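One structure is given here, and the rest of the page talks about it.
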Amino acid sequence: MNGDNDGKKLRAAIVGGSGYTGGELLRIALEHPLIKLEAVTSRGQKRRSVTKAHPNLRGATDLRFVEPGELVQRGEEKKFDLIFLATPHGKSMELVEEFIPLTEVLVDLSGDFRLRGAEEYEQWYGKRHTRPDLLDKFVYGMPELYRSQLREARLIASPGCTATSAIIPLKPLAESFGKDIVDVVVDAKVGSSAGGASPNAGSHHPERRDVVRSYAPCGHRHTAEMEQELGISVSFSPHAVEMVRGILATIHLSLDREYEEKEIWSIYRDSYGEEPFVRFVKERKGLYRYPEPKLLRGTNFFEIGFEKDQRTGRLVIMAALDNLVKGAAGQAVQAANLAFGLEEKTGLGRVGLHPA
Amino acid sequence: MNGDNDGKKLRAAIVGGSGYTGGELLRIALEHPLIKLEAVTSRGQKRRSVTKAHPNLRGATDLRFVEPGELVQRGEEKKFDLIFLATPHGKSMELVEEFIPLTEVLVDLSGDFRLRGAEEYEQWYGKRHTRPDLLDKFVYGMPELYRSQLREARLIASPGCTATSAIIPLKPLAESFGKDIVDVVVDAKVGSSAGGASPNAGSHHPERRDVVRSYAPCGHRHTAEMEQELGISVSFSPHAVEMVRGILATIHLSLDREYEEKEIWSIYRDSYGEEPFVRFVKERKGLYRYPEPKLLRGTNFFEIGFEKDQRTGRLVIMAALDNLVKGAAGQAVQAANLAFGLEEKTGLGRVGLHPA
Amino acid sequence: MNGDNDGKKLRAAIVGGSGYTGGELLRIALEHPLIKLEAVTSRGQKRRSVTKAHPNLRGATDLRFVEPGELVQRGEEKKFDLIFLATPHGKSMELVEEFIPLTEVLVDLSGDFRLRGAEEYEQWYGKRHTRPDLLDKFVYGMPELYRSQLREARLIASPGCTATSAIIPLKPLAESFGKDIVDVVVDAKVGSSAGGASPNAGSHHPERRDVVRSYAPCGHRHTAEMEQELGISVSFSPHAVEMVRGILATIHLSLDREYEEKEIWSIYRDSYGEEPFVRFVKERKGLYRYPEPKLLRGTNFFEIGFEKDQRTGRLVIMAALDNLVKGAAGQAVQAANLAFGLEEKTGLGRVGLHPA
Amino acid sequence: MNGDNDGKKLRAAIVGGSGYTGGELLRIALEHPLIKLEAVTSRGQKRRSVTKAHPNLRGATDLRFVEPGELVQRGEEKKFDLIFLATPHGKSMELVEEFIPLTEVLVDLSGDFRLRGAEEYEQWYGKRHTRPDLLDKFVYGMPELYRSQLREARLIASPGCTATSAIIPLKPLAESFGKDIVDVVVDAKVGSSAGGASPNAGSHHPERRDVVRSYAPCGHRHTAEMEQELGISVSFSPHAVEMVRGILATIHLSLDREYEEKEIWSIYRDSYGEEPFVRFVKERKGLYRYPEPKLLRGTNFFEIGFEKDQRTGRLVIMAALDNLVKGAAGQAVQAANLAFGLEEKTGLGRVGLHPA
């Protein structure tokens, strides 16, 4: 899909490219006019075509998986511009030592460098952080919050998918209302791809299909990211529902003071009016009056809608995204675009399908 | 499916039998050993076999739909024991005048007689109630709350499906904790059958499939039933999700005092330990640790699970049911069983399927 | 769910009760008024409640899995009336030696004793049969074909689910038209539960969902059963489609002579007019003009519809069933009912749900 | 999504742009670098933003629907380069009189001009053709069969979606084997979007979900296109299955002579080796060994796989596509690209998603 002027392109690599996030990084990199993907690693699938793991890319690439060692060797010969770590939680902090020297910019998509404190990491992930020295060197890769920092970033920690679903809509409110925001409940409905590419008892189709499974009514580790970025207390309850891609987060909150809907509108417009990927969906009529994840599959868009309960004053916010794109690979590429001074939307222009 | 001793059976009829609730009443009545279904009305489908509307019943019955007038005539000849009104909201209050004299017990499954006040009805349903004189004559048909009243009832208002999903799990807590319960959010995930049997733009398969549609973030009329029965303020936000039958209600709340999980357990055991259809699902391991609607399809069971967030104190309750059974036809038959002094589970013993 | 007069009941056991077929046997046995289930084995789950594997049965039973050895011991103490082997292909032929002496009637649900020739077994299953001596002692457990033999049977080989979908509708035609039937194509659409309870790469929800996967365009082993029972050549192509339970087989065939639709009707009526579980579905109007598996979930019904292409003379037959019931556990219980002289429908009266 | 040099772009319009085919034409036109979409008509939705009907395009366009009269007026002022008729069957033949003079190239996506004979039209569509004079002026818009004619075409009749699923894979075989091909059965599995954007009883979610509905076991009108283009007899049986987009056609056929798989390979390579959108999928291992529609959503690709049954000699072909893209809007744009001498893939480069 790339054109010819490869000389001007970013030389990129993906570590851990056989999973779902790796696959989306691959697809987006191939669609990106200024990225030249040089290597994709997979321990288990070396030498096999990447299309064996990602059959949607048949015909679009002839890349083959290589072992991590080969990527290291190439990086030592000539430094990469951009390396994505699409490795599991706990693995990235082992690998950074080796990969940081090989690249101008490193984007880690695991949870390893998202929290700023090693104690928080230990509390939520249940194990010791082995590279606490690096925690403050990573920029949290959410352009809506850290655009200017990302322009200077060399190390980027790409946010979690459900964390993204809560932080983007809540941040402007948290900034405006501060401690007046109370009783924040984030009730998320999540597609099965968020569980990754490895089969398990819970992902077995006859068991997973049609569930509305409350898989972590409290204590989910993405809560840590939310509270860190928002500075307010959040109760987060995700549910596995019947879809493959997508998250809808319904956010319920109260304000300890009077407010009008137009005030919310105004805050959002001020914060996100110019955002390339944030859209507001709040209509009086029609089928899609609020955000709907199925319309966002494959896209980097993030949709926000809301409604004030005139009777109780409670605010209900709906937020939708594709967990593998704006919730993972797309957001990572968006951050990388910033880090290299590219137009932020480059390679991320895909619109959704309807019906879908 | 019925046996031979029809002489001892309740002579029953269904008004408005071509919809989904009517179909479930039919199925359950046919499975009920002590009900003899004598007539099912449908204005649009008279003389057609009921199996045209309910093809699952092929071979199980040779009943045909009749016009309401025919049912009236039969009731005038010989009074029915039991009439179910499975008519739309607004229609039942027109019809009761005619049907009450024809039967010992009348169960209305619409919303017309659930609220005790005509003002509340007007506020939530947006129109005037034409039979306010009858409102206090109906018993709210939820056996878990009104068992003794139902044993004496002649007029029963069967609860709404999403209202049921919230009231059953919240009632014991509301009684125990009273005004200490605050910030109650009921975030419900609802199958498409809850929308009824008539096609519309929102139920068109390419549009309805895979949605996580927040169709009433606030102001849903079932809120009125919840608040009436619970005596506390409730914020209710239902979502249409990808399934046909079932509701999972996730209920988030805070308590204005300290509490332990075992206290919740104790309250629930005291309230519902003997309930024939209420089950608790709260396991440490396995795929089905909490209530799961897909396991309850076709059954009258109601499942409750919960978890206390040790960090924030918030209580998260999960409640599951089949909207057409425990949320409608099954609950109506359970109430009727009580009204006739039958064993409460009669005709309602079906267990769910797995996998499903 | 059973009543009290256990003394008159069949003492039954299930070997291999943790899978999907085992679970359905359990459910049906619990619903069966004349079966008393005494033991269910599972090597992996001994001492655990059967409801851990089959959460739909919560509240319906307090049985726990036992090890096979315990079942043997009980059978030696007092012979069982009925043992079901719900063990994998290849395993049953190892186990029969031990279990046959322990029971009056043994029903094997694997493929091990369905084929009458050891060579056919070897050809289609790719390994040697270790008990060829027993092959002609088993009766093929399809009541529609072998009712009288099943009444005398001690050893029953219960048919395969997709084999059932083709044999029942084709048998009467094969008998009537013989070699005039040509070009038989069985194009089956199959739910995910047919793949069993063990997760694998192909059953991972994000991969399995929404597929129309031709998983064996030719050479599927159930072809052997079809050809054995029908005596004609069959081309069988199953597809995995998006559902959990159910099979629709579309059978395309030609006749080497003129025929009328009414002739087909007449053959079917003569053959199956009295069958308790075979239904014909062929309507001019409505949504469910032909067999539809979703209406049969949980039931033992088998539906047949057909249409003659007036232009080409080709006959198209549609056949539907629940793969786990009429395609497995239900058919096995139906055969067992016959073997014990019970009314054939005993315990199998469940009707389907609509909508579903 | 378009760039700036609109001067060089094709001035295009869509008649009947509020349906699903119209929506995909819109999406593709917006993604097409050489099309400038000037007008989209909808009688029912004039002046409303096209994003009301196609919410996936929010943010991608500010086009509003206009009435057909306005499009005519603009075309009279300055002739369009390209008009797509996405109007219903029977409507297009009314409209062509008016629209042909307004445009260089007209592509009709209805069934009105696909059949070459007015008698065939009458036979299959059940009504008289009102413009038989135009039938031989339309080129059948399937580039794989009519590439050279399309390069000269002014009037293009875009093929039906299920017709496409059968014609592309069968044409090379029909040409090579001629009358030796016998007993051709096309058993298609079709998503709900193929039924169009208007709700009806059969598309109501609780009824449509999970069906395997044989909606036209014989006599489907797309058969006429297949037989016209292939010159052989075809038995076509489509089934509605649980998906929104996509068709898998399983084609079963026999050859009246010996053949080897490699012969089939060779025929396909010779015919389609250079086709930009036809891909072969036939692998020994992995989950996606054969064509799979879910990987093709939103793309213009057409996948073919096959298997020879070594036992019976029968050939089974699997063919997959997105019914709204390669089966409708994408194929129409591909044909238009040819008519204007553009690179055939222009605007059609989208790859699919995985997981999906």
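Going in written order, the chains are labelled A, B, C and D, and every chain counts its residues from 1.
Note that in this section a residue touches a chain if its C-beta (ideal position, glycine included) is under 8 Å from a C-beta of that chain, and two chains touch if they have at least 3 such contacts.
Computed from a predicted structure; not experimentally measured.
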item: Chains touching both chain A and chain D, listed by label; value: B, C
item: Chain B and chain D: spacing of chain centres that average the CA atoms, whole Å; value: 46
item: Chain centre separation (chain B, chain C; CA means) in Å; value: 35
item: Separation of mean Cα positions, chain D and chain C [Å, integer]; value: 40
item: Shared interface positions of chain D, touching two or more other chains; value: 20, 192-193, 197, 201, 206, 209-210, 244, 287, 292, 355-356
item: Overall pattern in which the protein chains touch one another (line/ring/star/complete/other); value: complete
item: Chain D residues touching chain B - in the complex, by the definition given at the top; value: 20, 191-193, 195, 197-201, 203-206, 208-210, 244
item: Residue ranges of chain C touching chain B (in the complex, touch as defined); value: 1, 20, 23, 27, 30-31, 52, 54-60, 192-193, 197, 244-245, 279, 281, 286-288, 292, 295, 297-298, 301, 349-356
item: List of chain C residues in touch with chain D within their complex; value: 182-183, 185, 187, 189, 201-202, 206-207, 209-214, 217-219, 233, 235, 237, 239, 241-243, 246, 248, 250, 252, 254, 287, 290, 292-294, 305-312, 314, 316, 318, 320, 355-356
